[in-house]
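Here it is: the structure, laid out below.
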């Protein structure tokens, strides 16, 4: 852990292989920094992300989960992100309904050309999670180290 | 009831159906239970009264695996569940003979006790209910003993049936989404406290799952190792929430809002709130949708429009 | 248990300058399943790959984790490397510690920590990897082209010239399409028929091309390389083998009052007809709705006059079933209906016509034999007004939101041709913008203005009102003069928006090809794969994909042909092994997965299943590996978790989540 | 009220989005009062975009528009200049104050001289 006592959130970013993961690569090759708290998991499409993955991340102690996919209309599989959009809208709404801070989850559409956007989004998201603090409501106490 | 029983017996005798799926009389008026009847002898125990709340459509999954046709008694709201199962190929229309039975709202013995009646010995299913208790006789108004779900009744029409027996009544006298809206209006802390209190009562008995017509997976994800989510010992943590969120999510767009989950929960957790929240959101965002109303309809989670709302609507004031 | 080797790349200083690679190696060793870990300057180099090879042998590795640059860069390299040294290529995972780590973090401790976590996630995933085999499917070396316009003809010719069999299915009685209705083409003003007819003849005479006219695609099944298509050959009532195309039947047919589709309803045709003189095949069709014989049973003139004995009233529709490796959609366009544009008086006056109708009027074979005349009274017009963007660029529900692209140019062409042939006719064009991107296009438009004196007015027309004297009062605006204009015209020509042909939605559904809100077919990628549909094996040619002119259509048709040839040249197709797979013991057969599959890859079969001693018949989802592209939409729709995606399985992704959150 | 606020108000009252305009001029081509207007219908949009509501408010056009809504009907981009000028007119009228009538007050105020257009305009506006 870093030397100072500053809160370092755990953030999981699911990125679709065709747009957002490539956008993250572009952010990298353009040296556009964002906090190391963000760890990316590559998925073929945003529609591959099961709500169970997101809840599991929270259960295991993640403080924020972000899902990035191709812009609506640009999905490599033509329709995947439209399904993802409905699923995530409902899931997030349910979490909000249950009293989970609604800033902890986010969906962003980032294309392969949007390295700058990727970096901006991640900076912004990390800042939001830092302001929300540690995730207590969704964590499983047994999973704390 | 007599007409229904006579007709069922007739169909059983003339070989139209091999068995009848209905309710068997319990020890008391108020505890009939779902049962199959395959003979005239067995039919002696057949009952249909105002306490016959159970939705029988889910039993048709097993019944359809058996030889011959099964006569199934469906109330108007149960017929939606039947249709939903039909649209998911879980049951075979050809193997069912549906008698749409009349329903004027179903009663719950819990509601009678909640109305302040103690030491119940017997009860009628009449309007008003005549209750004999250890402390004497009393009455309870029909409406006061009705299941919560009947106050937001889907209507008196069956969406699928072969014949109809008995009169039905639309018993709606409350706003279906009022409870959900009340929670939506709470602060995050209040919401969290509310669900924490409710869900910590969960003993993971799986009654909600077992009764739910939409939760009809051959094997539940929580019982398989596919997601490494096998049921563990109950602990006071996120796990119940995870279970109930996922359960609600899995039935989202498929749940007909039959309310069986809340009816059977031994801990009295208002589980229908999860389903109804999804239904409310779906109606608001993607247009009015009633699962089971149309067998051919594409569900809201297996369809989309290019103009759908972004998930950020949730953080921008929520879906109301 | 896997035996995993972890290989950490320095990438020169790209990684090593910010990430402590030795620390990563050291910590990776502690992870479950890891039996070997090392670092090297450049893992992707030959020497680096040799190191991996040596380690595979020495430690009997079953899985590899390479901590290096993005998998989009070198995943293929390391997979090949694994294969070379006897490991299944899908037992390799990449931890992206360059683009996602060393390049964006400055603090070494922070970057190293993150690199370790990313390595951990990859290790956790590899622990659950299973060897995957790319499947193979056969390729039927025959292509189907749906639509026999210039797009379809060109695609078919190009494919056939490469030596492959091609069938064209055209719904009207002749190939030729819209281009055969045009008089002249911009910007060279050569005659449309003169350049199209030879192509039609080539196609008809080509030994590799078979043309089904008056036919429609009825059913499509199968997948890339192996489609099965049912084609309905509608009854022509004329035996094509016997017909000599002499035309006597058309001449003698007593039913001559049917509006000619080819002339856009401006003239009439007989009940037995070929759409136009150069029709291919030159075999007439009996329009059974108009034929007296079919309506009353009495007549039979055509049968009597046909010396070849080709008339066959009893002919039935025929279904032809054929196999294809690739399908090209070239269904073209039509003009939109103008019933919502009352202000232009199209339905009130015969002298208000669409540009496509003007093409017929200008054509020597058209209803006026090529004389420019008013259709109401046959008089020569003195004043003609053209209105641009009728129904194009409309965001209301009356028109189309897109630019139809061809109108500016054909209007310039019409204006120029009229001024050339009838110098005393005044031509006014009301425009919003003149869009002329294209070779020699703007020069062409400028010639219309400068040399031919066409009067271009920037502004729209608000209203066309037929006057009692037979003229048309055109009320428009000149935005540059800021004046309202009221002028009398003898004819008004509307540059009507174009839209995809009506039948395309049905065809797209049969092909599971996606279609946009305007009914244009969607490309696999708007820039990089413009002639392929997202559905493998289905290609796009011509206006069915978006508005375009003839040269663009022809080049796109050629491009589509090249893609088809590339596909047909293969004997076998290798399929992506990262496909969805249903666990038959868990599958409910509920059909929800098939509803979200963009490729129609999921079907249901009734199978006998042995579920822990219970033997029963169940409806089970089956994924066609040749069709599945591995998006995973089905996996989330499946409530029981029966549907999983190979290479990105639920457990693998959860293992990554767990490793990151640990 | 600031000019920006006024422009915003015009957008709100009219419910139209001036940015959708593609400057085709069909509104002006359609307008029966075009010749009497100083600011032409197609120009309304750019005045709102520039925030120059003052000029619109002081224009003759404000009172020359017949509210025939032909421009609204025919606008291909759904920008509806007729609603914009209508909105500008409302702002002016509101500033004058005391402009709202109850339904029972109307009959007494009706007289032979009252231009028909005004009534038509009112009906068109309030039917919404």
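Read from first to last, the chains carry the letters A, B, C and D; within each, the first residue is number 1.
As a convention for this text, a residue touches a chain if its C-beta (ideal position, glycine included) is under 8 Å from a C-beta of that chain, and two chains touch if they have at least 3 such contacts.
Keep in mind it's a predicted model, so treat the numbers as computed, not measured.
Engineer: Which chain wins if you rank chains by how close their C-alpha centre is to the centre of all protein C-alpha atoms?
Structural biologist: Here the chain at the core of the arrangement is C.
Engineer: Between chain A and chain B, what is the gap in Å from one C-alpha centre to the other?
Structural biologist: Between these chains, centre-to-centre, one finds 36 Å.
Engineer: Would you kindly tell me how far, in whole Å, the mean C-alpha position of chain C lies from that of chain A?
Structural biologist: 34
Engineer: In whole angstrom, how far does the Cα centroid of chain C sit from the Cα centroid of chain D?
Structural biologist: Whole-Å distance between the two chain centres: 45.
Engineer: Determine the centre-to-centre distance between chain B and chain C, using the mean Cα coordinates as centres, and give it in whole Å.
Structural biologist: 47
Engineer: Could you pull out the residues of chain C that touch at least 2 other chains?
Structural biologist: 596, 637, 650, 654
Engineer: Which chain A residues touch at least two other chains?
Structural biologist: 50-52, 56, 79, 83, 87
Engineer: Would you please write down the residue numbers of chain D that are in contact with two or more other chains?
Structural biologist: none
Engineer: Could you list each pair of chains that touch, in label order?
Structural biologist: A-B, A-C, B-C, C-D
Engineer: Spell out the residues on chain D that touch chain C in their complex, using ranges where they run on.
Structural biologist: 20, 22-31, 34-35, 40, 42, 70-71, 74-78
Engineer: Within their complex, state which residues of chain A touch chain C.
Structural biologist: On the chain A side, the touching residues are 2, 10, 12, 17, 21-22, 24-25, 27-29, 31-34, 36, 39-45, 47-53, 56-57, 60-62, 74, 76-80, 83, 87, 119, 143, 145.
Engineer: For a test of understanding, state which residues of chain C touch chain B in their complex under the given definition.
Structural biologist: Touching chain B: residues 517, 583, 585-592, 595-596, 604, 611, 616, 619, 637, 639-642, 644, 650-651, 654 of chain C.
Engineer: For a test of understanding, state which residues of chain A touch chain B in their complex under the given definition.
Structural biologist: Touch residues, chain A against chain B: 50-52, 55-56, 58-59, 72-73, 79, 82-83, 85-103, 105-107, 137-142.
Engineer: Contact residues on chain B for chain A in the complex?
Structural biologist: 180, 183-184, 186, 188-196, 221, 227, 229, 235, 237-239, 241-242, 245-246, 248-249, 252, 274, 277-278, 281-282, 285-286, 300-302, 304-306, 308-315, 318-319
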